[in-house]
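Same chain, two partners: chain A is paired with chain B first, then with chain C.
After this line comes the complex of A and B, so read on.
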């Protein structure tokens, strides 16, 4: 069917409105990804190689050397593997955070609980607070000499900020807390969207609260669970503030992005940092594709 | 409907235009016929610096004074509060480095080796340089033919000093007295001219900080919160590498003895927190919180100390090791005012850099606000030390001469104190230093799991590789 003149004008107007973000996306996302990909095949050092990139690319091209360095170079490989291990362990905060968010949402969705609206607001507060400020605050909480956690544990002397395993535990705990508000709100919104008809039918069939939760609420929330999982894993793989602000470079908490930052910005080794960035992007894309691929097996769609 | 669509289109186009124009330049833009000169015929100098809001306010004043004295020049400042953002801004500036900018001495070698900085030796009179401590500007010479840092034949001058920061020992006089009283120590305050040896220092701290004083003075008392690695290494006649920064020296006895001295402050003498406790509160926090008698401090710490500390304090030289030929040597950090090699207004840019480095008012303000010691010899050795202008009346430290002695260095046999650039100044990049520290931490030097000699021997080949790679980056 041929579009009317008015229709075409409306489309042009709409396109112009999204033009600015589109240009931004092309320049700052696609463009950055492209250059990062190209840099990963070079020994680019921004201080030394400051001429336009494509005019010097032949001089600084090293092929796959930087990728090889990530896995074999004495100065980098151990740190890279350690960063991968740390990042994977810290991803535990994603499922734990989702579980905690779901439980809190389920509790606060119960209108019989007094003050549930205030509780919702309180739980959501961390989501609107500065990440850096929160991390600094948590450093005080986990301080083993005068922190709240050790005080509550009757001064067991656990050195949260120094020990390589304990600092991961602290970060997971902190991230579960920090993500609780956002997760809770998403689940609450999902719960409010579930049609009452299902619950009324279940009541007629004599289902109890738990049965209703696991047979109706939980399955109906799987699209939200899926969304939170995707976003959480992507965010977790890109974690940086935990390493730098909370752990202040503690070896036990150095993540892949921290590695990229340290080698790229600190050592001007843009090639190595870009190679690690490209691999990280590939992993994120692969994990996301796999999640989408298998989502039809467990995500409920009405 | 038609009108609405047209209106929508116009609004969308206007928004696009506004965003596009917002990215364009300001009123001081160049005249396209004459780069670096505005249509009014004034030379425009771009200046970039970093520091606190207080420093920014001071620089605004210095730059205004400069423009008043040089009405044909306009300075466009770009100020960064954050060190990391500033460093990144320079890294990614491409050919568009600011005309004059502050250059961290730890990054100097990389920038000068890449021909990013202007050789200003032909612009600056020797007479002007003579007014400053040689140690403050000679470090900014470089010979690109043989990659040699420092003043030498055929070397060019690529920066003028913003400041010099000797990092020396500071102590809480009141806490010192209280501890001394409890243990009956009558030796008095440590000397500001005769540095203590490693052993003397360890034993003094063990005397002042022990079970008795922890019971009576403070339960969280420490002699010192942390000891500076470079101060210990330099002061034990050791170094990380040789003079060309190409060969590792970390397995030498003087080097490992210096590291062991630091470890033993905790392991043997129990006067310094364990590494885990240092992660909880660092040396600076313990000192300012009044639980550590000693700490390290530079001239820039005076601002915060004057504002926050409620106790009397003073400074002394860093301790000297027992190794043969050892001299008390503090590390000295610095920034330079460098001029971009691509600057289109070189003469005006050098004029500004020289003004900022040598202007008396600027130098006076820096010491008055507790930010830096003067670069100017005359001002430092008389006006600053003796406070002839009365600008430091009643302010600590009383022994300001320690800062000056450190940067002045060894001139004759009576001098016992000197300073040396940070180790990262001598190398192409700085990551090796963080990597080395990280290795010491993970291998258990501070917990006593291994000795300094064992750890350094195990790390030596990796350390040498890092040096080799940095050497290969030159040229």
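After this line comes the complex of A and C, so read on.
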């Protein structure tokens, strides 16, 4: 009797403790998601229409027209497909950054390396630097007249920031530079957790350093690789600063989120922007579910 | 016979030595080359910020160091751009969000890690599912709501959501708290401590370095946040440091003056670098204690 009363008290306290995040989730995530979803079926223009869901919903309802626009409307579909293409190409920086981070981690994962602490700090520095400051810096580095890159290449005059393909190359390079520190830290943390026994056994069998890396270290790190890939792809699908600050809106680097922002806040075409954001959410959720299904290690377990 | 074995042993020893030295040479070349590539852009940023504009935009010759160090660039950018206002706004968001948000987050994590609750796993998965919704999909409705509350061009849209906690931080705390023995809380319960007291008096102090690390991470995240602030803030008086910085290139008095833009970039990043150097341990180590197994 007394025990169950105590239990009930605990359940109530436990629920109250998680109530604030739950309310936040209901308001900011579920509520917003619901409205985004509804907007995507309307021609809502926030300047013209007030209170769309209680009085005028019938007047602005357009069904699947906005989704159709995304894929068939002459202007919108061209921009939308371009945004998808750009976003996908820019995702290349995720595996490249992981590869670079893994290489650096493998080299630094050695107690005998002098100055490994300082090097670690240097490689991780971009991760704590302001993305805006770094974008301004790299804009300058890639400037075609007086930028560092063209100076080093002896004034080739390549217009990195204007050309449709070159600007993507520049962004990928910049993002690999900026992202490898984060992956390096994760890989280093993973390497610390690999038992020494495996390496000692390999030593007895006479394995060399490369063999140990490819036969022990790399396979043991696959969960981290998988995690980094998923998180990187999810983050990359939402990239925005590159389009806005680095490319200053250049068409060669407009991403999906830039498209959503431009159509929504810039042109007040809420329906079209919401339709694109609903599709983006579906893709990101699919990627996340793949993560949960394929990698049991990352699923939260009791 | 014996002699040749010793000889070949000696030879294999020298071969081993040579490969050892060669390996380390390659490792050091790669690492030092990499470090230089990481560091050089920063050096260039600082050096450019100390040049005159014609010097920085010199198309003929690559020079790293300025002829005369133009410290006055910093004075000029300080006067022309409202860095102080940006700093004030950014700090205002930090000090309102972080104490409240962290307290709420750790409290929820305590509940998930240590208390009995029906449907606990469901709630946890529910909250975590929010992490996979892109912010861009939430932006428009939130913009409408904040605009109807007359909160555009105020800091509220950036502060209010933070009061409800930070889910990725919560996930981290749940993991961490599970490693703390439950017997501590059983003992406190017998002494008559309520659940809230258990959280504040026992759990919070035990979080120690994990708490500090997560706070530092969140601090850096808020400091560098750009998308939401740039959408909500368009009036100079309300802009955060990053939004002001984002506008530096095109506007606010700097024209196309490269050294000034770079000086602004250095100035606005400086507080973060100081924090990074002071709390370096937390940045690197907190990654290692996230419970990620290789």
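To be clear about the criterion, the second predicted complex is superposed on the first by the 268 of 302 C-alpha atoms of A that agree within 3 Å, B and C clash if a C-alpha of one lies under 4 Å from a C-alpha of the other, contacts with A are read in each partner's own complex, and residues count from 1 in each chain.
By our rule, a residue touches a chain if its C-beta (ideal position, glycine included) is under 8 Å from a C-beta of that chain, and two chains touch if they have at least 3 such contacts.
Keep in mind that this is a model prediction, so the values were computed, not measured.
Visitor: Using the overlay on chain A, decide if chain B and chain C clash or can fit next to each other.
Guide: These partners clash in the superposed model.
Visitor: Regarding the shared-chain residue A:104, is it in contact with chain B (first), chain C (second), both, or neither?
Guide: second
Visitor: After superposing on the shared chain, does chain C or chain B touch more chain A residues?
Guide: C
Visitor: After lining up the shared chain so the two structures overlap, which partner does A:163 touch, if you call chain B first and chain C second: first, second, both or neither?
Guide: In the superposed model, A:163 contacts chain B only, not chain C.
Visitor: With the two structures laid over each other on chain A, which partner does A:265 touch: chain B (first), chain C (second), both, or neither?
Guide: After superposing on A, A:265 lies in contact with both chain B and chain C.
Visitor: Report for A:20: first if it touches chain B alone, second if chain C alone, otherwise both or neither.
Guide: both
Visitor: First (chain B), second (chain C), both or neither: which does A:7 touch?
Guide: Second partner only, chain C.
Visitor: Just to be sure I read the superposition right, which of the two partners does A:145 touch: chain B = first, chain C = second, or both, or neither?
Guide: both
Visitor: Would you check which partner chain A:294 touches, where first means chain B only, second means chain C only, and both and neither mean what they say?
Guide: Neither: A:294 stays clear of chain B and chain C.
Visitor: Just checking: does A:132 make contact with chain B only, chain C only, both, or neither of them? Give me first, second, both or neither.
Guide: The answer is second: A:132 touches chain C but not chain B.
Visitor: So, A:46: does it touch chain B (first), chain C (second), both, or neither?
Guide: both
Visitor: After the overlay on chain A, which stretch of chain B ends up in the same space as chain C: 26-34, 80-88 or 386-394?
Guide: Clashes with chain C appear only in stretch 80-88.
Visitor: Let me check the overlay on chain A: which residues of chain A are in contact with chain B and also with chain C?
Guide: In the superposed arrangement, which is not itself an observed complex, chain A uses residues 10, 13, 17, 20, 46, 145, 248, 265 for both chain B and chain C.
Visitor: Mind listing the chain A positions that touch chain C in their complex?
Guide: 7, 10-11, 13-15, 17-18, 20-25, 27-29, 31-33, 35-36, 39, 46, 103-104, 107-108, 110, 112-113, 118-126, 128-133, 136-141, 145-146, 148, 151-152, 155, 177, 181, 185-186, 188-194, 209, 220-221, 223-224, 227, 234, 237-238, 240-241, 244-245, 248, 256-257, 260-261, 264-265, 270, 273-274, 277-278, 280-281, 284-285, 288, 297, 300, 302
Visitor: Which positions of chain A touch chain B when the two form their complex?
Guide: Contacts found on chain A: 6, 9-10, 12-13, 16-17, 19-20, 45-48, 50-52, 74-75, 143-145, 159, 161-163, 248-251, 262-263, 265-268.
Visitor: Give every residue of chain B touching chain A within the complex, in rising order.
Guide: Chain B residues touching chain A: 1-2, 5, 8-9, 12-13, 15-16, 19, 84, 87-88, 91-95, 107, 110-111, 113-114, 116, 220, 275-277, 279-281, 429-431, 434-435, 438, 441-442, 462, 465-466, 469, 473.
Visitor: Show which residues of chain C lie in contact with chain A when the two form their complex.
Guide: Where chain C meets chain A, its residues are 23-24, 27-28, 30-31, 34-35, 37-39, 41-42, 44-45, 48, 56-59, 62, 104-105, 107-108, 110-112, 115-118, 120-121, 123-128, 130, 132-144, 147, 161, 163-165, 167, 170-171, 194-196, 199, 220, 223-224, 226-227, 230-231, 241-242, 245-246, 248-250, 258, 261-262, 265-266, 268-269, 272-273, 275-276, 280, 283-284, 287-288, 290, 292-294.
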